[in-house]
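The following pair of complexes shares a single chain, chain A, combined with chain B in the former and chain C in the latter.
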Partner chain A sequence: MNTAAAEDLLSKMEDLKLRLSEAEEAIDAIKNGSVDAFAIRKDGKPEVFTLQSLDYAYRVLIEKFSEGALNLTLDGLIIYSNSYFSKLMNVPNEKVTGSYIFDYIAGESHQQFREYFDLALQGSSKTEIMLCAKNKNIPVYVSLTNLQPQLATIGMIVTDLSEKKQNEQLIKIHAETLWKKNVELEHLNKSLDQFASIASHDLQEPLRKIQTFTALLKRQCNKTLAEESNELIDKIKRSSERMSLLINDVLNFSRIVHIENMFVKTDLNQILSNTLKDFDLLILEKDASVRVENLPVVEAIPSQINQLFYNLVGNALKFAKIGKPASITISSRILPSEEAENDFNSRFNLDKQLSYSEISFKDNGIGFEQQFAEQIFSIFERLNNQEQYSGTGIGLALCQKIVQQHHGGIRAEAKENDGAIFYILLPLTQSANVVAN
Partner chain B sequence: MKEDILILIVDDDEDDRKLFIESAKEINEGIAFITASDGQEALRRLKDGHNRLPDYIFLDLRMPRVGGRKCLEEIRSDKRLRDIPVFIYTTSTDVKDSIELREMGAVHFITKPIDPGDIYYILSVVLDEKWGQLNKKGV
Partner chain C sequence: MKNKSKLEGVGKRKIFLQLYITGMSENSVRAIQNITLLCDQYLHDRVDLEIIDIYKNPSVAEEQMIVFSPSLIRQFPLPKKTFIGDLSDVEKVILGLGVTLKE
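Take a look at the complex of A and B:
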């Protein structure tokens, strides 16, 4: 045997020894469960062999996932993919296995995925990236977990975010529309506010002139004018006074809406006593008796409550019966919770978490038919003629607007010729977490 | 007479200017008036160093070009003018306006009366201090 042949045999033996030890190692690895797939290079391409019997039960479960589940070697070779992932990528499952995960990452996410993959080599990582399926990109959430030391692989879970992103997009579009509408609305509100103030100023201006010159005319010609002409002048004066009142009331009405964040603890007794002072003279004139019971402290806008009380007391005096002393009783009670949803109060959409005070204004005046009890709160609505009872028909509409602003309610009970009761519901606090004293 | 009261009335409404002046003359013939029909004209006059400064300014709010608000602002920011008492004299009855303008430095917020006779009383009250002094001096 020549030396060359002997050396060749020796080297073949070395090679066989090496392969044997590799095979023994593999068998050991299979025995102790640390490996369930082999990647073998064949013709320069990796080929993956998996031991299907080992973890059959888990594979079945994983196949049922509605998320992609993959097992990757430490250099990113896919040694297992469930069918969800291959369907998501629109690639046959057998082609996915044996390919590299990086082939499925969209260009824009490549670098990012690389970084998170490297992070996962140290432990685990999670991120949102774009996958690249056939002619479309898919937003996904990936979670990478290093399975070492048990396995020299990385587990990867892929969650499809397409629907979530679509929803987010929809929400964004809705939010934008809402925002636009809101801006429009604010704009409209502002214009309305401006309109009310300009209209009332511009209407008021010539009207004041009419009043001024009527007054001058009357003063200058009082004695020289015929009585009839004087009466005509008085008519002009009265009409323009009424017009002026109307303009001011419309303006007040339009101002109610725009006050925000002005709620303070308000002692209703104090407001009412101030209101009643304004009526001192009229109360004397009408020989009226006003009985006031204790009223609560509520979170309210004092100036508006003052207007509310002013209108209600004013109405009670205005609509008193002629020749009979007016009697007004103002009282309050805490509304029992079971009454918050009765026929009377259900339409006010009261907040179940809040306590309400029911304040009643009772008079013995001319009253009205109960069928008109809702209509009276509409703007410009009047039940009595102008000659007998002056007014603009805005007072009760204003009252309603004020209580609405306070998230309460107002209603009336009355009989024709037999007095009226106005009930106001006001929450003691404007939100459930504040307790009024 | 040197000690005459000089009042500047700034109002775009000619009738209102006339009525105001007539009523004021009823109080004292010695009150002198200068008028401007908007804020711009008023400021031009006030800032001209040759002119005598008025003792009081009555300022309408809504006027073309430069309104009362802007005019008041300019007066308050001018060293020479800032101590002249400014009275807002307007059709507005808006409490918000009233509060804001007084915060801006207006002495009073007067809603133009319907009866021109009332101007007399308003002016009497407003000018009371100076008026009293004038009387004492026998003007």
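Take a look at the complex of A and C:
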């Protein structure tokens, strides 16, 4: 019995040894990579499993993707996370897989994430939430997609918004600083304007008295005073007249402020013809010829445009050459868009969305050197002596202020003794928020 | 209540398990779900579980002599034990891990 049993056992052992070595050989073959596929029976059906899988490229794509990519069960269990997500969360990948996504959601975003997770069960959802990495919250954009019925899971893509949020924060801070500065500037501007207005107004009063009493003095003592003294009184009179003019101009200048919502469709031909009527006498006196081409209709503040034209026509007549008939040409054209960006016009910050009209005032007067073409628009800047050409030096500064108020620009071209051309750019329409209803 | 089940066999010592999977293959997904459920229900914080994707770390698979995926390895307590498959037979896994349940 014993020998028989022993023999039986021995033969069984031999059999097992053989099967073991077969199994080991198979395993070695697989290990060596000399096996491509398994042909096995599964659920009674033959199936082939290839070892080098075809989804290799997809796997590498998802794995190396620089966005977080996760696959979640419907309970939120993470069954796959690419390395980007585990790095973002600062948790080893071995620990991320098999944990729950809810563990990585910051407290404040929990409810929101639950809602969007449930929403994703119907198809897909996208939202911004806070993730909670070790001691630090990370703003992210998550996109959830239900992968059923092909897979019983939900795919999740996570985009880190930290940098974007930081930039947004910076922009916000900058915008706030700008806004504060702007408010300060507006205050400053207002008080300056008020100052100018009050000062000019209060200055007029004593000046009027000087003028009145000088006139009175002259009338009363005309005969008793020496010739010399009479001349002195005349000088006082002229000086006070000039001062009055100066004060009026300062007052006008300070009034051109922040008149938004006052823009209306304005026919520039109408304005110009009114302006020219004011100069009827002077035009006759100077034997001037004025040629006007058709001007456009623009959205503008009529009283200011009137002032603008008045100053420019006035200048053209004032600075006419002595002993030569003045010739003034006023024309306009639509500024071609390519010219809106040339050297002359780029500094005006023109709005690319708008069309501009370029109106030119050309004269044959004394002109000036081109090097002064910018300087002339500064307040109190005068190129000519007062003996020959009266004026306060405010006229062109006022023109510039008006044009700026209309979101346009003004520039000049001239030659010494050979006339000047003033170019005005005005937008045909103002941007919507400043136009009156 | 399953949560109140007590563990015996491995005493109070910590269990260190590693599950080796291949990406999101069907069996891998099932194995992850089964082992996490098992740990949550019976082992709680007494288990240290790592889930390793051998697609991501082919060299680790070689070091651990992993041939089949999914494979669950009990690294501690010794001796080392390997379970192959999707771990759907919970009782067999618990038994194999040396954990007996007592109500």
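Points to keep in mind about this one:
Operating definition for what follows: the second predicted complex is superposed on the first by the 239 of 437 C-alpha atoms of A that agree within 3 Å, B and C clash if a C-alpha of one lies under 4 Å from a C-alpha of the other, contacts with A are read in each partner's own complex, and residues count from 1 in each chain.
The criterion applied here is as follows: contacts are C-beta pairs under 8 Å (C-beta built on N, C-alpha and C of every residue); 3 or more make two chains touch, one makes a residue touch a chain.
All figures in this text were calculated on a predicted structure; none of them were measured in a lab.
Annotation for chain A, partner touching more residues between chain B and chain C: C.
In the superposed model, A:Arg59 lies in contact with chain C only, and not with chain B.
In the overlay built on the shared chain, the residue A:Ile27 is in contact with chain C alone; chain B does not reach it. Within the superposed three-chain model, A:Thr153 lies in touch with chain C and out of touch with chain B [touch as defined at top].
With both structures placed on the common chain, the touch criterion links A:Thr97 to chain C but leaves chain B unconnected. In the superposed pair of complexes, A:Gln211 makes contact with chain B only, with no contact to chain C.
Of the two partner chains, neither chain B nor chain C is touched by A:Asn269. Using the contact criterion defined above for the overlaid structures, shared-chain residue A:Asn71 touches chain C, although it does not reach chain B. In the superposition on chain A, A:Ile79 contacts chain C only, with no contact to chain B. Overlap of the chain B and chain C contact sets on chain A: empty, with no shared residue.
Chain contact summary for the complex, chain C toward chain A: residues 18-19, 21, 23-24, 28-29, 32-33, 35-36, 49-53, 55-56, 67.
Here chain A touches chain C in the complex through residues 27, 30-31, 59, 63, 71, 73, 77, 79-80, 83, 92-95, 97-98, 151-153, going by the rule given at the top. Put simply, chain B touches chain A in their complex at residues 13, 15, 19, 62, 91-94, 112, 114-117. Within the complex formed with chain B, the residues of chain A that make contact are 197, 201, 204-205, 208-209, 211-212, 215-216, 219, 244, 248, 251.
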